[in-house]
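Residue numbering begins at 1 within each chain, and the chains themselves are lettered A, B and C in the order written.
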Amino acid sequence: MEDVESMVEDEIVLKVEDLYKSYNNVIVLKGISFEVRRGETKIICGPSGSGKSTLLRCINLLTKPDKGMIWLEGEELTTRSININKVRQKIGFVFQEFNLFNHLTALRNVSIGLEVVKKMKREEAYKRAMEVLRKVGLEEHAHKYPAELSGGQKQRVAIARALAMNPSIILYDEPTSALDPQLIGEVLEVMKALAREKVTSIVVTHEMGFAQSVGDEMLFMYDGKIIERGPPEEVIHNPKTEIAKKFFERIQELYGREKR
Amino acid sequence: MSFWEEFIAYLMRGWIMTVELLALSIPLSILLGLALATARVYGNKVVSLIAAGFVALLRGLPLVVTLLIVFFALPRIGLYFDPFWSAVIAFIMCSGAYQSEYVRAAIQSIDVGQSLAAQALGMTKLQEVVHIILPQAFRRALPGISNEIIYLILYSSLAYIIGVQEIFATAKHFNSLQFRPIEIFSTTALIYAFMATVATFFFKKLEERLKIPGLEIV
Amino acid sequence: MVSVVDYVPYILEGVLWTLGLVGGGLLIGFIVGLPSAIAQVYGHRFLKIMVEVYAWFFRSVPLLVLLFLFYWGIFPALGFKLDPLTCSILVLGIRSGAYQSQIFRGAITSVGEGQYIAARTLGMSKMRAIYHIVLPQALRISIPGWANEYAIILKDSAICFTLGVMEILTRTRYVVMATLEPLIPYFIAGALFIVLTYSGTKILNTIYDKLKIPGLIWRM
């Protein structure tokens, strides 16, 4: 795994190797390694505080890892000379709290990255934004402001915003955790559709139905480490560790058996 | 010519000068306010400290004193401005400093998620500030900014002190010829009150127009 | 040649005059502003409109114009021949009253109607409810706004030099005329105002912290 040669293989979009991160003397990530292939949907789950969000934020460099390496399409992100903004254009990020730009319409939320970062002409950016909004089923809400949209609609706009940039990979950070239960479905539907279209992604989620229907591999994190990995059904139904077993039982209690 | 005809002619001349003063000072003071606030929040230690010092200084000085320093004292260190520009410079600095306090508070009140989302899209800090933070901060600061601009309209009368022939200067001159202070100064007062009221109304409308639908800002 | 040492005491003496203008102005402003605020919240409609017009006028006209209007026009016409200091204090005060009425009105409103109604249900008269229940709370809330008003009126008092009141700026200008040297005197005047602004605000905020009611947070 050490040789860079294998990275050039175009199948691997993202490779994370031996990642460490600590905040105020608390070690949050303790040597995380995995890789994501093109078209793959990687599921990450685990109890809160296990380091899932920190891992995602390290990948798009919203926080700097202390140690370890990250490659995106063969380019090392963890060197000093990297242009952070260039990297982030290639990594879509969907936040738990949506973080839509409050002062912009849904359409402008999607187009602003194209206009400002990708320097696209405005009409062109609008056209592309409209296409993506259509994809997430929000064409008719394009001219509404975030505060006029429901939580589910907001998150779909946020997905569209990430998607419009044509990223190599999309990172979802608990995209449905801030939503009312009846709004979760519409967001998961959009995510499933994208997964079936082979949009490469990493999804931090507790939605086990979603994980089983479109997840290619599941990583179970605990205390800053990946303690289980494998096909989602395997990990969920036959966990090897007591911790994972307890966790999935608890998830079942909380979320019930309903399949999403 | 009757008293009133002559008086109105005088006032018109001064009023045009007042409008010129304000037409320059208001937009530039808004820009300075945004720049100072941005420098304080996003600048490095030195920049931020300089901006904070500038604001504290200008907020501690009476505008008259700033005005007199710009016009009379700065030439002693080689900076000479004519009365009109001295007034404009003093107004911009003073109002900009006060406005920056509102903008700074507004910037700091904006949810950190807005900044994270901008970063995640690959925006540079400058793009983030210009496209995401300032448009929102400006809206939140607008009630404070408009208050300061209304003060500026009133305090523009102080330009007379350094010899700018604005509306109060012409009124005072006319009074020295006619000595009918009640008519002359109450008319002047009403003109200022009219300008301030129109400005208040204008800013109310602007706030409504810029209001983001559905969003309650507390 | 006149040296700095010769004129500094002369300018410093102006601090007393400045503080006189500020103290007098704030006091008159309080005497006018508080009843105005009460009238605006609890008064009859006619009274409310009167106060509204008064507050609007004095907040929409430059102090400079007010000073000249009252000093040369209104006071003489009413038969008062006032000296510049008295006239300035009165004008500063009446104008400050307009601003203070806004501060107090905001404070009274933020105390909340519940407090007033609770007092009335105890059998208190309107005046007693306002005096014993609403005002003690409202005045505490007003202190930060009042500290701000102090800073404003302090800086505005410099404008009274146009009537020749012997405050800091008037004296500074005399020194400049006598020495033909503007730089140092104006910097001294500026420094004095800065010190007065920040020390005064600091004192008022300290008082506010002392008077805070434990555990209670008000929102203006």
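Methods note: contacts are C-beta pairs under 8 Å (C-beta built on N, C-alpha and C of every residue); 3 or more make two chains touch, one makes a residue touch a chain.
Here the structure is a predicted model, which means the values were calculated and not measured.
Chemist: Quick one: do these chains touch in a line, a ring, a star, all-to-all (complete), or other?
Modeler: line
Chemist: By C-alpha centroid distance to the whole-protein centroid, which chain wins?
Modeler: B
Chemist: With centres defined by CA atoms only, which chain is the most remote from subunit A?
Modeler: Relative to subunit A, the chain with the farthest C-alpha centre is C.
Chemist: Considering B-C alongside A-B, which chain pair is linked by more C-beta pairs in contact?
Modeler: B-C
Chemist: So how far apart, in whole Å, are subunit A and subunit C when each is placed at the average of its C-alpha atoms?
Modeler: So the centre of subunit A lies 58 Å away from the centre of subunit C.
Chemist: Where the CA atoms of subunit A average out and where those of subunit B average out, how many Å apart are those spots?
Modeler: 46
Chemist: Distance from the CA centroid of subunit B to that of subunit C, rounded to the nearest Å?
Modeler: From the centre of subunit B to the centre of subunit C is 22 Å.
Chemist: Identify all positions of subunit C at which a residue touches two or more other chains, and write them in rising order.
Modeler: Touching at least two other chains: none.
Chemist: For subunit B, which residues count as touching subunit C in their complex?
Modeler: 57, 59-66, 68-69, 72-73, 76-77, 154-158, 160-161, 168, 171-172, 175, 181-182, 184-186, 188-189, 192-193, 196-197
Chemist: Which residues, counting only subunit C, touch subunit B once they are in their complex?
Modeler: Residues of subunit C touching subunit B: 56-57, 59-66, 68-69, 72-74, 76-77, 154-159, 161-162, 169, 173, 176, 181-183, 186-187, 189-190, 193-194, 197-198.
Chemist: Can you list the residues on subunit B that touch subunit A in the complex?
Modeler: Residues 111, 113-114, 116-124, 127, 131-132, 135-136, 139, 212-216.
Chemist: Where on subunit A does subunit B make contact in their complex?
Modeler: Residues 60, 62, 85-89, 91-93, 95, 97-103, 112-113, 116-117, 144-148, 158, 161-162, 165.
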